[in-house]
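Please go over the structures that come below.
Heads up, the next two complexes both have chain A, just with different partners, chain B and then chain C.
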Partner chain A sequence: MNLDKAGALRMKTSTAKSGLSRQTKDSITGLLMVFPSFLLLVFIVILPISLAVRESLLDPNGALSLANYKYLFTDKAMKNNIIFTLNLTVVSTVITLILGYILAIYLRFSKGRISEWIRKLYFIPMFIPAVIATYGIINMYGNHGWLARIVLALGGDSFPRFIYDYNGLLLANLWFNIPFTAMLLSSALAGIPNSLIESARDVGAGKLNLFTKFIVPMTYKTVLVAATFSFMGIIGSFTAPFLIGPNAPQVLGIAMQQSFSIYHDVGIASAMAVFMFLLCSAMGYFYIRSMVKEEPAGR
Partner chain B sequence: MEQTIQLSISGLQKTYKSGEGVRDINLEIRKGELISLLGPSGCGKTTVLRTIGGFLSPDSGEVRIENQSILHLPPEKRPTAMVFQSYNLWPHMTVYENLAFGLKLRKTSRSEIRQKVEQVLKLVRLPGMEKKYPSQLSGGQQQRVAVARALLLEPKVLLLDEPFSALDAKLRMEMREELREIQAAGNLTMVFVTHDQEEALSISDRIVVMNSGRIEQVASPQDIYDQPNTLFVAQFIGRMNFLRGQAVGDRINVQSFGFHNEKGLRGEVTVAVRPEDIVMLHDESAGMGGTIRQVMVLGHYAEISIETPAGLTKVFLPREEARSLSTGSAVRIGITRVTAYSQSS
Partner chain C sequence: MGWYVRSLGKRKIIEFMVLLLFVFFFLGPLLNLTLLAFSGKWQFPAMLPQVWSLEWWSFVLTQEEVLSSISLSFGIATIVTIASIVICIPAAYAFARIRFPLSRWFLFSFLLTNAFPKMGLYVSIAVLFYQVGLMNTLLGVVLIHIVNTLMFMTWIPAAAFKSIHLAQEESARDVGAGPFRVFWHVTLPMALPGILVASIFTFLSSLDEAQGTFLVGIPDFKTMPLVMYSIVEDYPSTAGAVFSIIMTLPTIVLLLAARRFVNADVMSSGFQMK
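Entry: the complex of A and B
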């Protein structure tokens, strides 16, 4: 006790001598360390967003107005674009989650040789650049692609239109997003100890109960993370829609690019960007809220 | 004392791909009996237990409960319940939900569940803990709830896989006493896995000593301690000294000592002597001479290491008696009881 006091006293005098207290030094170091990321945030995120918001609120004469937004939500083609994008995004996200979850569960609980191979291969799509994958899709599913040729060779007379259509984009979205979703969910499922599942079976839980009462509650947070990432990735997708998307209606990303570089309508493009940003923020808000929500289970 | 056989295992064999596993497991457990599977880590205790619980299917052999084969049943349909080694409560459920889940599946009425949960929590000395989550409980409390969860299923055989091994020594002792009380009060049949010989000796009706996938000996704690069948059991259970001896005719000779050669051994033998069967002699001409290597005071008694011509031995003495002994001095010892093993075993 006495020793402690003496030590504290000595420390006080020594810091006083060196001029700056240790606390001040620590906080200066801390500031220096976050400064680069702060700059990055300002110039890459905050500034462009504010500029876009400002741009979206100006009419061609430079006066403040909501005309751009009005156009966005009343123009027939634009309305269709928005509905098309939201529909495609939600459907793609839901199917991605379902297929990704099924794949992850299969990989977690199956021990055969096939599952061993899938485990090694399933994330390969993540390492294939979007452009190349999209051309792959064209080659495979296009009107003169491999599938069409096989169908014809087998005596079929027509091949359903796949690319330059909703279905092609859906397919591309699944291709790009399922591996990552499955990977996230796999790691969540790997975090469930076998013994927890075994003890559930021990007290009498069948497969259905096991899934709904144990596996889903223990992984729903990761499902939410996966949903957020898929949603954001899909709603902002550009490469695949640019190469194999329909001409009308268009995905918002493409429509935005066209307004901007073809019609030189910066205001409309900005309004679209802000709208998309708001959608993603809403998603982010729900995501953060559910992450922060107090979890008594403590996991 | 003819009692019904609750669990019988015969000719059980399970080999993993690695070649390890268990074989020739034959065991009959009576109703109301607490049996321990005891052996070093990796000897196959968990394998046997998981086969009974239905989490492993054996290569061959039979497992019967109340004379009905259970091998074709999945774990959820077996009349067994298991307490796992790790803390194993479901983290997303409260204590109440953890306990009630199995009963709900059995279509027990809500009021009955409430009453049973309350009762079992009292039994494991955790009344009023219903609303807590597992993460809010200490390790000992969690393991109590795990035991309660298994008890609620009213299993015909309760399986416990080193349930207390993660707890500190004092708590472990308390918990094993409580478990023994619950077991005796309910006349429950239990298979208790442990690698701790002290735990097995203190809790069991009978002990099954296992070694590299086989059963070495099945006997009461008393018999396991006094008459270890094999050198392995002698080494594994309790403290034991091993001396060099020779078997000649019907005698086992250790230096100047002679003992009865009960097993009819021949040639060089290993002679096992419990520390408490060694006495210090004060007569200069009696017994066997030796030199004190070390005196270690361990509370109210002391452990003395003595180098003798037949090998190093350890002796326990009350602290008072050990006070006069010092390292390097010569002493004489007598041996009252031995068990001999052929050296090849």
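Entry: the complex of A and C
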């Protein structure tokens, strides 16, 4: 009898909105619900991005030109900045992925009090403000920092200059990005059922075989997701390079801010931003493609 | 000691080394700040402070600028979180449940907030805000904070809505509940962990935001991270450490309060919409 009532209700609702088919109605509702956030996206993201793209294509006289981009790739200091940033970004992303993967595998397959503790603690860096973390890194690894004191107390003689250059930035990038990568991957690894792994072991698969034949194929898409977000976060990073980065060559985020607020050269600053945007878009393209492929067409 | 180590076995020892390395690398900088904040005198090369003291706490907590920045930051973060929820949750629900044209296209357009370098985006936004008179206004600051929250406030709840089986909503409808009652009593409680995690992300990212606030909020909106920058430059590291703890405290409290919900699956599902 409940079913009858529900059926009657459905009839009522579907005839009440006269004329419109269910599909059209859904389309309108869906678009209306997405509209406010998309409008906001247009105003605070898409419009500013288009402004920056336009600005990067204008020369000081307001004429259309590629002069800003030419400068970007011919000026020696700028070229060094680009190479420095790309090198740092790629190396940081790759090491982040490797260490994040190892951490995730450890958390997936190790049972015990120690792994339980790490499981509780590894989220923390994701939520720590960037300024605080960088400040902590300065106080830890600086010339008279905690590590230097520990090394001295343990009998070492001098502590090498460690932060304020490439290594310091690499360290900061790893600190910020490994937890996120490990989180994504450990969730993906949790999706691999124990029974599958056990049955693979039963038919004689060794650890290496298990890893390359089962674990890697089942997680490589997640690796791509982690790579995308790490890459995007690292290439445009600002806080850590601002506080512990070298003066030259600089990370592009800093170079961009300087050419804007010190040299008031909006064109060059925009060209740098657009250049980084293009690289991130390439990553984003592969990410979206792999996400869309997962689901058959229709959505 | 030797017999004890041997009885533990090689595996346990390696695991213990992993834990040490982990704690040292990820928590070392934070532990160091905590020690620093409670030290009165800590001269090189001592490994631990020579004198413990709370004097920097009373110094920092009596600075007018610090106190006003704390209440300002919390106020802004609350507004940003509520605004993000109101704006993004309907969209998240639509992405998960309703078929409409270009839905994939809209969904992935939110990736743009992360693809364009933040500093460049803030500069362009500042140029735009200047033209429409949003510089140095609360609305301007809130909007620039929402730039960072749009994506996960849409994606994580969308994944949470999507993970609820349609059958559960349908059975509630079948017993006669209207769409809003179904949403309120069935869908929302089940999607709550995702919404909660996204809200925590939003709240904390608003507390953390510095560059955008600096560009559009100066001189009236000096939030906690901006005060932190000036403390880093002007005061001894003890003062910075004290303020670091004050700034990190809400993070720890929120994470502890919501620790039941903050787990890898809820968060990572938002980044891979299936």
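Basically, the second predicted complex is superposed on the first by the 258 of 299 C-alpha atoms of A that agree within 3 Å, B and C clash if a C-alpha of one lies under 4 Å from a C-alpha of the other, contacts with A are read in each partner's own complex, and residues count from 1 in each chain.
Definition applied: contacts are C-beta pairs under 8 Å (C-beta built on N, C-alpha and C of every residue); 3 or more make two chains touch, one makes a residue touch a chain.
Every value quoted in this text rests on a predicted model; they were computed, and no experiment measured them.
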| item | value |
| --- | --- |
| Superposed partners chain B and chain C on chain A - clash or fit | fit |
| First (chain B), second (chain C), both or neither touched by A:Leu243 | second |
| Which of chain B and chain C A:Pro179 touches, first, second, both or neither | second |
| Which of chain B and chain C A:Ala148 touches, first, second, both or neither | second |
| Touching partner for A:Asn167 - first (chain B), second (chain C), both, neither | neither |
| Superposed model, chain A: greater residue contact from chain B or chain C | C |
| C-alpha centroid angle, chain C to chain B via chain A, nearest 10° | 90 |
| First, second, both or neither for A:Lys213, with chain B first and chain C second | first |
| Chain B versus chain C as contact partner of A:Asn87, first or second or both or neither | neither |
| Minimum distance between Cα atoms of chain B and chain C in the superposition (Å) | 16 |
| On chain A, the residue positions that both chain B and chain C contact, one per complex | 298-299 |
| Complex interface listing, chain A residues touching chain C | 2-3, 5-6, 9, 23, 26-31, 33-34, 36-38, 40-41, 43-49, 51-52, 55, 103, 106, 110, 112, 114-115, 117-118, 121-125, 127-133, 135-137, 139-140, 144-150, 152-153, 175, 178-179, 183-184, 186-188, 190, 221-222, 225, 229, 232-233, 235-236, 238-239, 243, 252-253, 256-257, 260, 266, 269-270, 272-274, 276-277, 280-281, 283-284, 287-288, 291-292, 294-295, 298-299 |
| Complex interface listing, chain C residues touching chain A | 15-16, 18-19, 22-23, 25-30, 32-33, 35-36, 44-47, 87-88, 90-91, 93-95, 98-101, 103-104, 106, 108-121, 123-125, 127-128, 143-144, 146-147, 150, 154, 173-176, 200, 204, 207-208, 210-211, 225, 228-229, 232, 237, 240-241, 244, 247-248, 251, 254-255, 262, 264-265, 267-269, 271-274 |
| Chain B-facing residues of chain A, complex | 193, 195-196, 198-206, 209, 213-214, 217-218, 296-299 |
| Complex contact set, residues of chain B against chain A | 53, 55, 74-77, 80-82, 84-86, 88, 90-93, 101-102, 105-106, 133-136, 146, 149-150, 153 |
